[in-house]
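Quick one: the structure is below, questions incoming.
Order as written gives the chain letters A, B and C; numbering starts at 1 within each chain.
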Amino acid sequence: MWIYLLKRVFLAVAITVIAVTLVFMMIHAVPGDPAVALLGPRATPEMIAHLHREMGLDKPLAVQIVIFFEGLLQGNLGFDVLSQRPVADIIFEQLPYTIELIFVSILWAVAIAVPLGCYSAMRRNSVIDQIVAIMAVATIAIPSFVMAVYALLIFAVTLHWLPAVGAGQGFLDGLVHLILPAFAVGIGWVGYISRLVRASMMEILGENHVRMARSFGISEWRIVLHYALPLAILPTVTILGVGIAWLLSSAVFIEVVFARPGIGALIVQAVNTRNYAVVIGAVLVTTVVTVLATTASDLIAASLDPRTREKL
Amino acid sequence: MSALVSVRDLCVRFRTMGPLKALATGTNAPFIDAVCSVSFEIHKGETLALVGESGSGKSTVARTMIGLQRAVSGSISFDGQELTDLSAVERKPYLRRMAMTFQDPIGSLSPRLTVRSILTEPFRIHGLKDRDLGAEATRLLRMVGLPADFVGRYPHQLSGGQARRVSVARALALNPDLIIADEPTAGLDVSVQGEVLNLLTRLQDELGIAILIITHNLNVVRHITDRMAIMYLGRFIEVGTTQSIFHQPSHPYTEALLAANPEPDPDAVLNRIELKGEVPSVMYRPSGCEFHTRCRYAQDRICGRVAPPSSVSLQDPEHSFRCHFPLSSKSLTC
Amino acid sequence: MASLEALRGETGPELAPGSFRKTVRQLRKNRLGVLGAALVAIVFASAIFAPIIITHDPTRIMVGPRLADPSLLFLLGTDQLGRDTFSRVMMGGRVPLLVAFASLGSSLAAGLVLGLIAGFGPRWLDNLLLLLFDTIRSFPGIIFALAIIGLLGPSLASMIFVIAITSMPIYARVVRTQTEALRNSEYIAAERTLGAGTMRILAVHVLPNVIGPLLILVSMDVPAVIAVEAGLSFLGLGVRPPTPDWGAILNDGYNYIQQTPWLVVGGGIPIVLATLGFTFLGEALRDMFDPKLRKDL
């Protein structure tokens, strides 16, 4: 067990290091000088040289990477020359908005999807089950940003029911501003999780201990809620860890569409202004979040499933 | 008569864990000895059987001979050529002269190839493109008694017996001197088992092929083999002519195996000898004579402490065994 | 009710519905597959025959009506530059399809080769490649794509490159898992005893067994790639204007959403239809050929 844990943690660190190194190498493999891109065509050689020093670009690539990792160990993600602020400040200012969006989205998606999945599993092939099945495939397939633009068109622009853009002021207003973005991010997950719950629920309902309970005359709803659900929910828990990358990706689009602050909007803006310091910082932070989430979900899955636990 | 194959002190090891894990758990021997100093010979046109329970290492011996496994030490010489230190390329010409059939009759045939492709694979592998491959396939099918229109079938469309015949046909494709048959009767109905065995003996008579049979079916051994070797935990515990061993087993384990074998004669008196306990794991080998934990004749003062040397039967110099208290006491310790 | 459920339990969950219901279910599945195939056919046909179908030059900026509503002259109205939306939508499917096939094709090839090497090669190489796959996989997809495109500059080539790189590890892993399972099978051992070399074993005996599930997996990724392409174009990081592209049209519509809904409709509906069509078709293909293939791998 400890060896497995150690291995996973080592792997997570290794992946992060490789990821950052790859991004660094890519930046330097690309033709064009980031300083020139930043300063524009009218920059003097002195200005460029000065910026090079400031960005650390005058040193060899390996030295730059080492310096970056040294800073990283002290919680320093680099310095943004453009806004003259540490990258970490910029990122951790935006991160809460994204986390809030992801959290609310997944919360409502799970709240809807789990009962839906249970119902589908109990009434297999009923009309509702079939409708849910088709809707699930459809909502998974349709890109979240298309969903977002249409939601914006219908509920904000045409009907004026909900605010269109921004994150709002205060708790209640913020919540109202979250409705449309959270809908667009979460709708695909409703489909996915309901399918997942349905499949694992059906598997469990066919198992012997459930049939045994049924033969005692325990009601079907009680069986589903008390015996099967705690087991059927497990795949969902583990998939959420892996799904964090997917959630982050859709957050990028949703934040742009609804003009919300957040890490996604930040990256898009940084890419458009060729602000490499912020891009590297954001890629690093999101990669670490993803690696942590997948490692955690792997460990949870491994400790819950006796078959994988034995192999540890 | 010179030996076609001569195996000397063959040892095969398997790793049980990676070097890092071994270091972390403090295991100083992260491997098991699947085969421990096994020696035997096979002569031209002869049939030898390796007999033993599952996990006794008999398949490993075969797989090492044909190059699927590496030997840790010992030698395998084929027609005078040492095989253990050959590279894959250097070994290839010798693979033309020996062939192997596997336990799973259908699983050992490539599932997406037709019988024709399967049978002509050997020719293509060894670059014999000048042959008429279609004709070769029909010739091979005829040799094993299958109709020629089987060429278009896929492995999953064959019965176990038919698939076994196809794998025998493939083994015969390049006119080998030696066929290694790993459990040739596994997974087959009794009537089909008989057909396959008759096929093997017939082909041996016609073509003069040497056969190494790996089996735990003693009826197979009795009917078609000249000599046999009994394996226990990766060692030979008794070797000799089939006749001599069936007539007078020397090792208590052999005695128990023979007693457990159902007799074809309904009037025969059944006196089974039950082996006590389970087969010990090769990871934790018993001390002394490795069979002493299950032996009904074992005496603590010697069997649990001293490994028995190889002894030769007085009546039959080809019959040897490893036991402190052989059943036929007329023996000589060497 | 309870007794009926108990009875179902007896026969196992999958056998429970009667044969009539089973047929209905399969029909529904097939109907979706047929619908998907039809949608895919429409998407392909409109992309291929777009030059014949279109009523206006999709890139010509007209002095006439801007952001016009649909009319007989402009079937889906015009955009902010007076260009005909219908013609742009018809031509706009070419880029997503090109990106999907170019990127998935190259990532299929790369995944196949690397997966075979990982599954059949020495243990250390396997571990090294797995580390590489896991590294690429743990980049949050779109954010990684944004970073690379930001570096390479937005273009068709960088889009194809990014998508190919990010989808490769999944294919490589599937190939590796299958190859490793085959590696220990008896028929591969049998081939070795005949003297077959590794290349021959891979080409003749492993590849045909791996390629089927892989192709189904790839076909199920087509809608995701179309979505990513549209998303990148929506963010202005796809093909350069004035090349028509669904995502770019949707972005124009988003920018002028207060003035007209028609651009959003024209840009978004084709994306929805294409992703739905490829999804239904992919699911039907999987159900038909390989029902056991796991969805999430």
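Basically, a contact is a pair of C-beta atoms (placed from the backbone, for glycine too) under 8 Å apart; a residue touches a chain by one contact, two chains touch by 3 or more.
Remember, it's a predicted structure, so these values are computed and weren't measured experimentally.
Colleague: Just by CA atoms, which chain is the most central one?
Modeller: Chain nearest the overall C-alpha centroid, as shown: C.
Colleague: Chain pair with the most contact pairs?
Modeller: Counting C-beta pairs in contact per chain pair, the top pair is A-C.
Colleague: Nearest whole angstrom, what separates the Cα centre of chain B from the Cα centre of chain C?
Modeller: Roughly 51 Å, centre to centre.
Colleague: Any idea how many Å lie between the Cα centroids of chain A and chain B?
Modeller: About 57 Å, centre to centre.
Colleague: Taking each chain's centre as its mean C-alpha position, how far apart are chain A and chain C in Å?
Modeller: One centre to the other, that is 20 Å.
Colleague: Which chain A residues sit where two or more other chains touch them?
Modeller: none
Colleague: Please name which positions on chain C make contact with chain B in the complex.
Modeller: 185-187, 189-197, 200, 204-205, 208-209
Colleague: Flag every residue of chain A that touches chain C in the complex, lowest number first.
Modeller: Listed in rising order, the residues of chain A that touch chain C are 11, 14-15, 18-19, 22-23, 26-27, 30, 124-125, 130, 134, 137-138, 140-143, 145-146, 149-150, 152-153, 157-158, 202-203, 205-206, 210-211, 214-215, 217, 219-220, 239, 242, 244-246, 248-250, 252-253, 256-257, 264, 267-268, 270-272, 274, 276, 279-280, 282-283, 286-287, 289-291, 294.
Colleague: What residues of chain B sit close enough to touch chain C in their complex?
Modeller: 63, 66-68, 88, 91-92, 95-96, 99-100, 102-104, 107-113, 121-122, 125-126, 167, 170
Colleague: Considering the complex alone, what residue numbers of chain C touch chain A?
Modeller: Residue positions touching the partner: 1-2, 5-6, 9-10, 12-13, 16-17, 21, 24-25, 28, 32, 131-132, 134-135, 138-144, 146-152, 223, 227, 230-231, 234-237, 250, 253-254, 257-258, 261, 264, 268, 271-272, 275-276, 278-280, 283, 296.
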